[in-house]
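The next part holds the structures, each set out as structure tokens.
One chain, chain A, appears in both complexes that follow, with chain B as partner in the first and chain C in the second.
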Partner chain A sequence: MNSRSRYVWAYVMIAPTLLGTVLFWSWPAVYSIYLSFLKSENFGLVNHWVGFANYEKLFKDHEFWRNLRNTLYYTVLFVPLTLVLSTFFAVLLNAKIRGLSAYRVIFFLPQVTMPAAAAMVWVVLFARDYGLINYVLGTHVAWISDAKFAMYALVIVGVWGAIGFNMLLILAGLQGIPRALYEAAEIDGAVRFRKFRYITLPLLTPTLFFTSVVLMIGATQIFDSIYLLIGKTNVALPAVRSLVYAYYQNAFVYYDQNYGAAIVDVLLVINLVLTGLQFAFQKKWVNYD
Partner chain B sequence: MANRSQTVRRNSNWILHLVLIAASVVMIVPFVWMILTSFKTVTEATQIPVVIFPSHWNFSSYAKAFEKSDFTHYYLNTIFAAFMKTLFPVLFSSMAAYAFARIRFPGRTLLFFLIISVMMVPNPVFYTPQYLLMSKWGLVNSVTALWICSLVSPFATFMLRQFFIGISKELEEAAILDGCNPFQTFRYIMLPLVKSALVAIVIIQLLWSWNELQWPLIINSSPDKLTLSSGLATLVSMFSTNYPILMAGAFMAVIPMIVLFFLFQRRFIEGVAFSAHKG
Partner chain C sequence: MVIRKKTWVSAMSLTVVAAMALAGCGSNDSNNGSSASASGSTGASASSSASAGKASDAPKKDVTLTYAIWDQLQQPAMEAIAKEFTAQNPNIKVNVEVIPWDQYWTKMSAAAPAGTLPDVFWMHSGQFVKYASGNFLEPITDKVQAGEIDMNNYAANLGSIYVFNGQNYAIPKDFDTIGLAYNKEMFDQAGIPYPDDTWDYAKLAQVAKQLSQPDKGIYGFAAKMDTQGGYWNDMLANGGYIVSEDGTKSGYDDPASIEALKARYQMILDKSSPSHQQMTDTDSTEMFKSGKIAMIFEGDWRTTDIDGSDIIKGKWNWAKLPKGKVKRGDIINGLGNVMSASGKHKDEAWQFLKFLGSQKAAEITAQMGAAIPAYKDTQAAWVQSKPDLNLQVFIDQAADATPYPAGSKAYPVWFPKESEIMAQAWGGNISIEEGAKQVAAMMNQAIADNK
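Let's look at the complex of A and B:
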């Protein structure tokens, strides 16, 4: 078969994905940026070019800065906590112990659970007067409606949902470390903690780095648990409202698509920086192998 | 000496299990509480001090959830959308991935980059323009809108391409010598070799679309066009503190995926872990 007819086959085979991607994903991404420079009236029938006006309004808006700070604060709490706990349990499960697969299944269960449904159960568990958590801890905290605690409630739900999956990734990384290294350390009389500090941790760094970037990208897009755990009528909402939640409110509750687009484009920039970081470090580490 | 180190190991094993069991309890409590609460009466669910077990196992909250909201439609819409969002991306992506991995054609690198570049963009960025597109096509508030934007998957294309690249060329060359065209080579020789990757993609797509909240919430509002996820959100606004009904709804929404997970544990865990290696 000559190469020209192979080209034709190739174009035919990529056509559905290419056309679908351009129509449903690439064009919308570009259009979202364009929208942030417009002001729409009459439900989008009339559009005016307004330059940076939406961004000027955004950067003067205290609520926007607060939402950005909430998003970053959530990320800063959620990512290290998930990483430390996932690593801790991965190290425990890396030993040859009985019931390994049972533990894996149990830890993984939140991963297959619909976030909306999970958030609803946590509402019940966090209830101030008759919630299980206050009952067990002997406290009387309004976890969800007190602005001081709502963020921690979100982080707890997030970490609960994320440990199992990230633990598995880290466990895979641990199993890639050659046994011989540990045996050599044992001959030298190294104790468990020193083995972890000087063998496991350095060799696990690439895995931990990628896991944390993936976690950060996910954390900056938090929406589901705010929508269902905190809820739109909650007085604590301003203390936890994320960029994506603010985007949803502006674009689909107040019908200001242009302002919404400006918010979400800030998120885009944050995510591009994170992805850039990932690529930059990936190159570096691949060379080390 | 040998005895002592054995004792130490046994002791530390015991502590290990204690820590793991405690953590497992924390992981499982939300599920147990969901089930227990769904069988309680409203009074039992909000009683002080907390009661753990319902006095009677009554199913009335499940019946009420079905009665007061459109769970039949939520199920049908979710299943149908998940089916479309799994079948088509797997079909289209595997073809495209094979072509990108194995056929040299003009513009290959550029077109591949065009497709995977959208993976860097967070999902909410797409929603307003996709909404405007749906509105232009008259699809706002329709079942079609739930799946049509996800007919293709840049992510699946990227993952499967990696797999096709990893397969040796010999079989393929033999097929080409035998006169197979690229599509036949793909269909009969190459596709069966990436079966495990296809299963992983099926599981990931299924889970994503089953659990997705924001897009169904944005695009549809009539009760018979909601999915389980967005349906639960309306259940919350209808029965704000009727915990038994809310928990019955939540349980009905999560149980299909949990049953599938228990049936295909290994496949699920491998499949989802596989999604993280996109870097």
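Let's look at the complex of A and C:
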């Protein structure tokens, strides 16, 4: 095969994904920026250009700042916790123990469970009066309708759902570390923790970097667990309402797509900045051999 | 090692592909399956039973219509009507599609500009103006004038709800009012007579207190944060209002409205009702169904649902709402069937729409206990559909009930925001008065923005 036909063949192979990405991800993202400068009527069939009016309204809206704070707070709790726990379980499941695949399946199960179904189970677990969590802890906490606890409930559900997949990514990273390095370390007399600290962790940093970027972007877009667990008549909603939840409310419930578009465009900028920062700082801690 | 990694990756991708394939197949299968079996059975029975006149008609093109509804409890009745219609019109199949209320209008608002609204679908008075003013609904005025359908056939002037700029858009489907459901067993045990016509709100609060045993998780009343099935009735009974008659002003900050809201909330403070948080965790009607609550306001449409609970079946009944300072407040609402202006099969859709407005469809609705049919003089069959329950209260209360306060472009804007603000008041973060005033300000703003 000459190099030209190899290129053509390669593009043919990625075409379905590329087309899907452009049509269903890139184009809506660009269109949402356009929408945020309009005032639409009649379900978007009549549009007026209003410039930055939607953004002006947004930055004066106290609710927006609170939603932004909630979103960042969730991200700050969720990302490190998921990373640490996923790494922990990945290291455990990288060992040679009996029933290894069974454990891997168990930890991966949340990933293949329908979020809506899982949320229903969590609602029951979190219930104040008859919930299993309060029963086991001996507490009487309204986990999902008390503003003090609702955020932690969301983080618990989020981390529970995220460990499986991220553990898998990290496991793949772990298995890419050459066995010879550990053997050399053993000859030098390194113990378990030192092997983890000086071999595993440094060689895992590319995977951890990738995982943290993806996790962060995902975390700032939290919506479904708020929608399913908290719900719109919940008194704790203002304490956990995220930007994407506010977007959904504005765009699809109050029929103000333009204001909603402004909200997600701000989120887009935030994510670009945060990801940019992560890439800028990766030199400090990520090892590519 | 390399091989293991590959195995994992391929296992993962297999899982994803399989999941997608399963999801895709699943939905396709069910669609094909149901329409295929429907055409098989009804086609056969229809051709054998069709009248001679029908059979002589030229063969018509097979058409499948979509009929979207939001109430799963009414699905069996709607499917029975669709089946009856197909029996009379063998070339037209109808797919009844249930979209839950929470997503129904989200989906419709996306479908409207895309031109993909269902051929025929349920319309709510609150959403009607938005769709009619956008020309997304097919006007049926000429059909009404041509005498194809007679709007006088429908009770309580229900047809007038769905008139916009002098055009008719909907055929009334049903109406609904609110009643007081009570648990007979709990009244018997306490030796208290059942609620009746003489009850007022003071009596309700007093009995609710007597029947409550908060330490056992049993309450006399569910003072839920709810509009149509909740405090709107209280506000009206107390002489307050929801929206002024000319539609220009919110009634939430009216002193009589605030007093009514406070009185309802007081029942939570008195521990005559579960707290808002408890009712967020568990729907209050579900609590009533499991015998934890003695009395609750609910719409007639929940009858089948409540009666389906084994715990409470045979041990409950309906009464009229209590009287307030001024009158007996009750919200009446009527659903309409409408057809899309951009449907591909408008002639067939009209045939089906007309059938939905027929006496036959009303009788099926009534007999199956799905809803109070709008068609005149078919309500008795609905009342008889559950003889052990006093369903007559819903018909009696319709006479002097207040129409659901919709019918404006502002309604879809303020209605969802209302519950978010009131949740803060009901949850104790702000006072009831503060919540009511915030709602009033928000509603007045929405009315001003959506003239």
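Just so it is clear, the second predicted complex is superposed on the first by the 236 of 289 C-alpha atoms of A that agree within 3 Å, B and C clash if a C-alpha of one lies under 4 Å from a C-alpha of the other, contacts with A are read in each partner's own complex, and residues count from 1 in each chain.
The rule is simple: a contact is a pair of C-beta atoms (placed from the backbone, for glycine too) under 8 Å apart; a residue touches a chain by one contact, two chains touch by 3 or more.
Everything numeric in this text was worked out from a predicted model, so none of it was measured.
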{"item": "Contacts of A:V76 with chain B and chain C, given as first, second, both or neither", "value": "neither"}
{"item": "First (chain B), second (chain C), both or neither touched by A:R128", "value": "second"}
{"item": "Partner chain(s) touched by A:G176 [first = chain B, second = chain C, both, neither]", "value": "second"}
{"item": "Touched partner set for A:L201, first chain B, second chain C, both or neither", "value": "neither"}
{"item": "Partner chain in contact with A:L35 - chain B first, chain C second, else both or neither", "value": "first"}
{"item": "Touching partner for A:I144 - first (chain B), second (chain C), both, neither", "value": "second"}
{"item": "Comparing the two partners chain B and chain C, which touches a greater set of residues in chain A", "value": "B"}
{"item": "Touching partner for A:V235 - first (chain B), second (chain C), both, neither", "value": "second"}
{"item": "First (chain B), second (chain C), both or neither touched by A:Y11", "value": "first"}
{"item": "First, second, both or neither for A:A184, with chain B first and chain C second", "value": "neither"}
{"item": "Shared contact residues on chain A - chain B and chain C", "value": "44, 112, 123, 127, 129, 168, 172, 231, 252"}
{"item": "Interface residues, chain A side, partner chain C - complex", "value": "42-45, 112, 123, 127-129, 142, 144-147, 168, 171-172, 175-176, 179, 231-238, 249, 252-255"}
{"item": "Chain A contact footprint on chain C (complex, rising order)", "value": "1, 4-5, 8-9, 12, 15, 19, 106, 109-110, 112-113, 130, 133-134, 136, 217, 225, 276-278, 280-282, 412-413, 416-417, 419-420, 423-424, 426-429"}
{"item": "Contact footprint of chain A on chain B as seen in their complex", "value": "13, 16-17, 19-20, 23-24, 26-31, 33-34, 37, 45-50, 92-93, 95-96, 98-100, 103-106, 108, 111, 114-115, 117-118, 120-133, 148-154, 157, 176, 179, 181-183, 186, 207, 210-211, 213-214, 217-218, 228-230, 232-233, 236, 243, 246-247, 249-251, 253-254, 257-258, 260-262, 265, 268-269, 272-273, 276, 279"}
{"item": "Touching residues on chain A, where the partner in the complex is chain B", "value": "1, 3, 5-7, 9-14, 16-18, 20-29, 31-32, 35, 44, 89, 92-93, 95, 97-99, 101, 103-118, 120-125, 127, 129-132, 135, 160, 163-165, 168-169, 172, 210-211, 213-214, 217, 220-221, 223-224, 227-228, 231, 244, 247-248, 251-252, 257, 260-261, 264-265, 267-268, 271-272, 275, 278, 282"}
